[in-house]
Every structure is written in C-alpha cells, then in structure tokens.
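Below are structures written as structure tokens.
Two complexes, one shared chain (subunit A), two partners (subunit B, subunit C).
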Partner chain A sequence: MLVVLKAKLKDILNTLAEEYKVLVPAKIEDTSKFISYKDNVDIILDENVKLSPKDVFFPQTEKMYKMKTVKTSMELENITDEAGKKLLFGVRSCDMKSLDCFDQVFLTKGYIDEFYKNKRDSVVTIALSCSQPMQTCFCSAMGVDSQKAVGADVQAYDLGDKIGLEAISDEGSKVIELIKGQLTEEGAEVPQPGEFYLKVDADGVSEKLNGMFESPIWDDVSKKCLNCGACTYVCPTCHCFDISQEVRGENVTKYRCWDSCMFGEYTQMAGGHNPRPTKKERVRNRFMHKLNYFPDRYNMLLCTGCGRCINVCPVNLDITSVIKQIKEAE
Partner chain B sequence: MGKPKVAFFKLSSCAGCQLTALNIEPILLDVLGVVDITYFVMAKRENHGGPYDIGFVEGAVTSPRELEELKKIREECSVVVAMGTCACFGGIPSIKNFCGMTQKEVEAKVYTELWDIKSMPVYGIDYYIDVDYYLRGCPIDKNEYLILIKSLLKGINPLFRFHSVCNECILKENVCLLIHKKKACMGSVTASGCGALCPSLGRECEGCRGPASDCNAESLAEVFMKDIGLSKADVARKFLKYAGNTPEFSKGVGHYEHY
Partner chain C sequence: MVDLTLEIRKTAKELLEKGEAKVVLGWEKGNFPYSTTPVFIDKPEDTERLIWDEYCINNLALYMLDYKHLDGKVGIFVKGCDSRGINRLVQDKQLDREKVILIGLSCPGMKDEKKAKELGPNADIPMAQKCQDCRYPDPVVYDVFLGEKQNKKVPEKIDTSDVEEMETKSPDEKYRFFTTNYEKCLRCYACRNVCPACNCKECIFDQTATGWLAKANNVSNNMFFALTRAMHVGGRCIECGECERVCSVNIPIMLLNKKIIKDINFLFGDYDAGLETEERLPLGGYDYTDPEEFM
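And then the complex of A and B:
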C-alpha cells in the first residue's frame, strides 16, 4: 500500500490543489465541516465533521435559472456552476454511502436531475477509513463498512501516524499518479476498526414496518419531538427541497432550497388541506421513509449511521432507540 | 388608483417596531414612492385623518381608552396589520397578566398617582378586533415588513412560514446553544423569520416571535428543567415573557401557579 506520513499530508494536498479545488474536513470555531483547503486550515482526521458534505452536491440554496421579461416575451438564462474539478478529501464511509443514496434519488428511475449531476460529476472523492467510532456512530448496523467506502475514487486508510492510499477508480488512479512521488510503498494491512459504543440491530426492521403504519408507537415516538427540523438538515441523506422564486421588477430568479418533512407547511396544499396535519404523521413519515419506503424503492436504507441526528436533537429523539422500539413493538 | 394611504398607530409599546419601519434607509425612498404615509405621529409633523388603506398597529391594549382607539382604527382602515409581538400576542406588557396580582395591585406597584390610571388585562389586538396580517417579533423583522408591503401592493397573501427558529439557525451552521452550550434557548418553539438573529450572536432565543407552528412547549419545558436545570418558576417566566397569552406557550408553563 502507498503511504504518507500524516505530518506530510499538507504537501500532498498542496500538490493536489494545483490540479483540483480541494475540500478538506476542518474545524471552524465550534463546528466542523468541509472547506476549501488552504495552508492554514485546521484539518481534522480523528473524527468525522459535524456538518456532512452534502451541501457540496446539494447546496442549501441553489439558483436554478433566471428569467427576464422583454416586452411581451421572456428570456431564459441558465446558471452555470463554477468550472473546474473539485476534490473531496477525507469523506467517511457513512457520508460516501449517503452519496450513493443521493445518486439513487437524483440519477435513477428514468429521471436525471441536472443540477445534482453537474455537481456530482465534477467531484473526485478520497474516502478515509475510521479507526475509532464516535459516541454516536452506528454505521455498521446500517450495512456500511467503515473501512471501505462505496463509490470512492481513492480509499485512504488511517494507519496511526500514517495514511495509506489505494486507487479504486480510473479517476482515483489519476489522483494517485499526481502525488506518486510523495508516497512510499509499504506493506501495510487494512486496519481493523474499534468497537462501536452504540449497538443497534436493524435486521428486518424494513419488513417489520410494513404493517406498522397505524401502530400506536408513533404517538409515543413523536411525543417529545419539537418539530425543529434540525435532524433533517444535518442528515447526510435527507434530500427534500422546495422550489421558489424571487421577483425583482422584470427579473425572476428560480431557486431551490432545503426543506424538511418535519414542518407542517411541507405538505400544506394551496386550498389549506394538509395530509400530514400533526407531528405524529410527520415523525412517522420521517422514519418510515428512512427505514421502509426507501428500502422498498431502492433496496437500501436511507440512514447511514453517521449519528448526526442524535447529536443535534434537543430532546434526544434517537433513531437507534426508535429502531429498537419498532422491533420490540407487537 | 392613487398610492395606498398608510397609517401607523401606537398603543402600549416601546415604539421599537415603528422605529424599525423607518430604519430601512437604503430603500426608504422607494417605499415612500409607492405608498402614501398619511398618519405616523412618530415620523411626521403633518398627520391626516382616515380612512386609510393600510393601518399598522403597534402595541397591546392595556386600557379602555386604547380599546376605543383600536375600534376606531378598525373602522378607518381597510387592512389592519398587527405590528410586533405586543400587538400580536400582548408581548412584554402581558407579563402583568401572570404575576398573580389584581389590576389595582399592579397599578399601585408601578404608579404613585393612581387617580387617572385605568388598566385592564393585556391581550393582542385580535382579542378585540379582526386582524388581517401579523408581523411578529420584538421588534418586527424588516424583511417581513417589506414582504408584507410588497404583497399588499400586489394584492396577494404574503407567505410566511412559521417553522421554528432552529430551522434558520441550523442553516446558518450555528452550534446549538441548547445542547452544546446548555443555554435555555427558546428557538425550537419560537417562530422563525428573524434569521436566528440572537442565537447567531451567541445569545439564546427569548421567544419574542411567539409560538412556531407545531410548537411543543411541554417537551422543551421538560428539557429546560432536566438538562438545563431551570427551576419551574424560571421555565414559567421563559414562556410567559412574550406570548404567555397563546395556548401554545402556556402549555410550557404547565401547572405552575405563582410566577
């Protein structure tokens, strides 16, 4: 395996930054997220970032196109993404899996979302394995291998004071080619991950949910929910959006922005009817979508076990305990 | 049709919302270009009588005299907008409703000369009259105010989505004050629209915009007591500060009686 000392990581990133716009997991004040690499950023390698990289592919607010009225007709103007390839360094397996979920939603079943596709195609990923799970991690229970990410171009391994790199795709080979001079060949093994603090058994939960739409557990689960929507925004797999426009005189900008199924207005119809009128229906929908509807449609869970929702929930509404509750229900 | 006639009225309040309505310098002249402000005592020397097309009412009703005034406002204005939390829910003045004293006792606590004071329990203006639109906040949010004016000019309903402040806060990528800083932040039950102003500056949300849609005050009250360590009385004060009159926030108070 090709390895590099962690102390020399910045040399490699500097080389890659000549070719790509490099994004790295870094600490910013009290939070952490993927930001553009500069020499002075505080890269974190010992834990996952608090905010997932989903906004690289699916921004909070994204301009779609512009319109302008010209006399009696209308001119359309496309909005082009910034040119050049991006390189995401240090994406964990859970967040790579969430990209797989996004691909299913935005690129399959006969419809391709161009806005997503353009961004997705312009990104090369270097996934990084985890040596020690965090308190809220449970990816293995969701079928994610923390040492081997799906869809990565390069897989990096945390080898203590070194990082091992392995090209997976052709794009990944190109990346390795660029930095080959700075890497050394060593006989390193793929490391074993540490033990998970959070133990969940999600086997059969999707099937179990088939008959649980009217189950009384939803009253119980939703009781303490505050409907704040924090879980949906930090979730790397949540992908609901709202399309709206801003009108300024003759100029119209269409944009889409994140929405959340935890809000009443999300399903509110123009006439006032709301098919999910209370919190119970919304909370049920969130968990049913993640654990039942999505597996039904795409054959994978819409949860990657990153644990971010557990970390941000003000009332500690924990998806792992919901799974437990579902499995124990009559 | 000429420019719509707009009036600003003040009941019991601090005048902060009226000030916000003026504090829009970059576009103040644009606004004055499309509406005709005919009555605005705080801003103008010459004020004219009704009828008006749009009436912005700031403040809560705390005395019979103000109630008379309010009824006249309703008759004179085709559209009445409750401007600010006092007008929407009673706001800060409504704290006196919950202090466990009679009107006479409250009056005596505040004023020395009582012969001319006639006060009554405080409610938002829609307790007495029909209100067409609400601008929440202490003070109101400039952008919402402008969206409302734009919508009224276009003849459409403004779309205000009152989900919780958490929504805007987390989009700003703030660190949660409630969970990670152990501050008694009301954001999760409070209506958004302010851009999570206070939490973005490291201050806990005080709940000035009143209850969010689907607010779960009981659950948050429990978090305040268990995780933050507030006393029952403190939790009650939190929920009674701005919108204790609303059924949503009064649920957070629970059965606590002496505030």
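And then the complex of A and C:
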C-alpha cells in the first residue's frame, strides 16, 4: 500500500491544491466542517466533522436562476457553478454512503437534478477509514463499512501515524499519479475498526414498519421532540428542500434551500390545512422516511449511522432507541 | 442523588396512583452515561424509569405548553431554572398555575454533556456553562420539595463580565464577532423551540407567506432572526441558558440575552425574570419615570 506520514499530509494537499480546489475536514469557529484547504487550516483526522459535507453537493441555500422583467417580457439568466474540479479529502464511510443515497434521489428514476449533478460531477473524493468510532457512531449497524467507503475515488486508511492510500476509480488513479512521488510503498494492511459503543440491531426494521403507521409508539416517541430542525440539518442524508424567491424591483432570484419535515410549515397547504398538524405526525414521518419509505423505493436505509442527530438533539431523542422501540413493538 | 431518585419515583407514583396527576414529567437515563432525556410518565409502574443525576439538564417547563388543554393536572419536577420557566409561562398567561403540581429539587449544577462526549468516560467533567452562571439552584416556586435545599451562596447580580468585555470592542470588531457567529447559524430554531419564553402560538418566523424573514440562509437573515428573538425575550429571559446549550454550532447566544438583561437592569432597575408572576414586566408597561432620551 502507498503510504504517507500524517506529518507530511499537508505536502500532499499542497500538491493536490495545484490541480483541484481541495476541501478538508477542519475545526472552524467552535464547530467543524469541510472547508477550503489552506496551509493554516486546523485539519481534524481523529473524529468526523460536526457538519456533514452535504452542503458541498447540496448547499443550504442554492441560487437556481435569475429573472428580469423587461417591458412586457421576461429575461431568464442561468446561474453557473464555479468552474474547476474539487477534491474532497477525508470523507468518512458514513458520509460517502449518504452521497449514495443522494445519488438515488437526485439522479435516478428518470429524473436528473442538474444542480446536484453539476456539483457531484465536479467532485473527486478521498474517503478516510475510521480507526476509532465516536461514541455516537453506529454505521456498521446501518450496513456501512467504516474501513471501505462506497463510491470513493480514493480510499485512505488511518494507519496511526501514517495514512495509506488506494486508488479505486480512474479519477482516483489520476489523483494518486499526481502525488506518487511523495508516497512510499509499504506492506500495510487494512486496519480493523474499533468497538462501537452504541449497539443497534436494525435487521427487519423496514419490513416491521409496514404495518406501523397507526402504531401507538409514535405518540410515545414524539412527546419529547421540540420540532426544531437540528437533526435534519446536520443529517448527511436529509435532502428536503423548498423553492423560494427574492424579488427586488424588476429582478427576481429563484433559490432553493434546505427544509425540515420537523417544521409545521413544511406541510402547510395554501388553503390552511396541515396534514401533519402535530409533532406526532412529523416525527413519524421522519422515521418512516428514513427506515421505511426510502428502503421501499431505493432498497437502502436513509440513515448511515453517523450519529450527528444524536449529538445535536436538544432532548436526546435517539434514533437507535427508536429503532429498538420499533422492533420491540407488538 | 441516588436516594433522591428513589424519592422522586415514590412521589411520582403516589401522584399517579391517587389520581392527583394524570402525567408526571421528569428525566430518564439516555443511551450514554452522560445523557438523560425528558420522560412523560402516565402509569404508576413506569415511575421506575425516572432518575435524578448530574445530567438532568433539560428545562422541562416548556413542555407544559403541550399540556395546556389536558383535563387534569400535570406533575413536573423542577430545578431552579425549570421553576423560573414555569413562572415565565404563568406570567405570560400560557399556563394555569392550578393545573401543575411542582415538585421542587435543589440543583447541584449539572455537568456539561458536550464536554463529556469530547473528554471520554473517565475524565473529570466540568459543570455546564448555564449552571456555572446560575444564581437560583433552588426552585423559586414549588408545591412539594424533595431533598434538602442548598441555600448556596450565589452572586447577587448577574455576571455580565463577558458583555462588558464585548462592549469595549470597536464597532468593527463587534460586527466581525457577530457576523462570524451568525454566519454559521443553521436556523434549525432549536434555540427558539427549547426556550420557555418563546411561547407564541405562532412565531413570526413561521409566517413564511408574510415575507418577514426569507428562508435563505445568510448572515443578514440569520441575524435578523437572532436579534428579533433576543429583543422579543428581552425582560422575559429567565437565563436558563438552554438556547446556548442546544445550539448545534455553538453560537454564544446568551451573550445577546445578557446584554439586554444588563441594559434593562441599568434603565429600569435590577430585575430577575421568572421569580414571581405578579409584578409588571420591565418592558411590559409604561411609567412616567421611564427613560425616554430618544423622544
């Protein structure tokens, strides 16, 4: 396996930055997320970032197009993404899996979301294996291999003081070619993942939910929920959006932005009716979508076990407990 | 705290068995040694789930909004901050005091769950910031009291040293500080939804059709949200610090709230919200003696 000392990681990133716009997991302003690589950024390799990389592909607010009224007609103007390839370094298996989920939603079933596709096509990924899961991690229970990510161009392995690199795709081979001179060949093995603290058994949960729409557990599960959107906004797989516009005189900008099924106005209809009037219906929808509707449609769970929702929930509404409750329900 | 846990369970059980309360609100253990989660007990046999430990940090008062129309009484365990939250709701005419049975608990100060996650299981976990700043660990109102009061010596006035430090900065520095912080705001509204003072039936920020606040996430919209909320809870903020505790991107939300408290104290005399329910709110009325330099 080709390896590099962690201490020399920045040399490699510097080389890659000549070719790509490199994004790295870093501490910033008392939180952590993927940011543009510069020599002085505080890269974190020992834990996953608090905010998932989903905004690289699906920004919280994304301008779609502009309109301008000219006398009696209207002019449309496309908004194009910044040119050039991006390289996302250090994406964990859970977050790579979430891209797999996104791909299903935005690129399959006969519809292509161009905004997503443009961004997705311009990003090369270097996934990074996890040596020690965080306490809130449960990816293996969701069928994710923490040592080998799906869809990565390059798979990197955490080998203690070194990082091992393995090209997976053709794009990945190009990346390795660029930095080959800075890597050494060593007989390293794919590391074994550490023990998970959270134990979850999600087998059969999707099928079990088929008959549980009216189950009394939703009353119980939802009671403590505050209906804030923290879980949905930090979730790497939540992908709901709302389209809105900014009108300034004759100029209109259409944009889309993240929405959350936890919010009342999410299902508010024009006539005033709301089919999900209380927290019970909203919480039920969140878990049904993740564990039943999505698997039904795309044959995969809409949860990658990253544990971010558990981390941020103000009231500790824990999805692993909900899964347990579903499985134990009559 | 173990002995008190047993007493808590006994008290809740009695309330439910005698039919004095239809439901009892407390805390149960979460999935981690450092986590608890609010629990709603309506069967005497479920009272075994209740616990009292150094991580019972959630202010439960706001849940009373969900039980406004319950036919019967609600029993609720209250620390100092929770009890001030109850007063907040009563004073804001959101809750009928007769409908709640307050079971007081003296709070030793809860530990910081976020730090516990970072530091690992064997570390010495510091007290949560909101508890370090707390001046009312004993409940200010209750019907029953369990355990012993601490009557702890706490500072008489709110510590506004961080506000004062911010006040010494130049306008540019202040602007940079607040824009950097609110740039990262996700607008998940956890701060609003956890706040006992945010008890409007319909929040201005949910009225999307009016265009008060666009859904686009940018620093200007985010600050409009934050500043409006801070002003709206001005004079009513009970300093429970829940907003700051639940912020998923660690924005120092209490700094704004404390600045407003400090200004109110200066302009209208010292006032701690949520200590009682009769007195008129500092910003809830008009006096001839009110300062009005702007007029």
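Operating definition for what follows: the second predicted complex is superposed on the first by the 330 of 330 C-alpha atoms of A that agree within 3 Å, B and C clash if a C-alpha of one lies under 4 Å from a C-alpha of the other, contacts with A are read in each partner's own complex, and residues count from 1 in each chain.
Note that in this section contacts are C-beta pairs under 8 Å (C-beta built on N, C-alpha and C of every residue); 3 or more make two chains touch, one makes a residue touch a chain.
Fair warning: this is a prediction, and the values are worked out from it, not measured in the lab.
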Please tell me, clash or fit, for subunit B and subunit C sharing subunit A in the overlay.
clash
Examine A:31 and indicate which partner it touches, taking first as subunit B and second as subunit C; both and neither are also allowed.
both
So, A:265: does it touch subunit B (first), subunit C (second), both, or neither?
both
A:227 in the overlay: touching subunit B, subunit C, both, or neither? Say first, second, both or neither.
both
So which one touches more of the residues on subunit A, subunit B or subunit C?
C
For A:151 in the superposed arrangement: first (subunit B), second (subunit C), both or neither?
neither
Name the contact category of A:136: first (subunit B only), second (subunit C only), both, or neither.
second
In the overlaid three-chain picture, which partner chain does A:314 touch, first (subunit B) or second (subunit C), both, or neither?
both
Check whether A:191 is in contact with subunit B, with subunit C, with both or with neither, and answer first, second, both or neither.
neither
Looking at the overlay, which bit of subunit C runs into subunit B, 8-16, 62-70, 152-160 or 260-268?
62-70
Shared contact residues on subunit A - subunit B and subunit C
29-31, 51, 60, 223-224, 226-230, 233-234, 258, 260, 263-265, 311-312, 314-315
Subunit C residues touching subunit A - in the complex, by the definition given at the top:
30-32, 35-40, 58, 62-63, 66, 117, 180-181, 184, 186-190, 192-194, 206, 208, 214-218, 242, 245-246, 248-250
Complex contacts: residues of subunit A adjacent to subunit C:
29-31, 50-51, 60-61, 135-136, 197-198, 223-224, 226-230, 232-234, 242, 244, 246, 255, 257-260, 263-265, 268, 310-312, 314-318, 320-321
Contacting residues of subunit A [partner subunit B, same complex]
29-31, 33, 51, 60, 223-230, 233-234, 258, 260, 263-265, 278-279, 311-315
Using the touch rule from the top, collect the residues of subunit B that touch subunit A in their complex.
161, 163-164, 166-167, 170-171, 173-176, 178-180, 187-189, 212-216, 219-220, 222-223
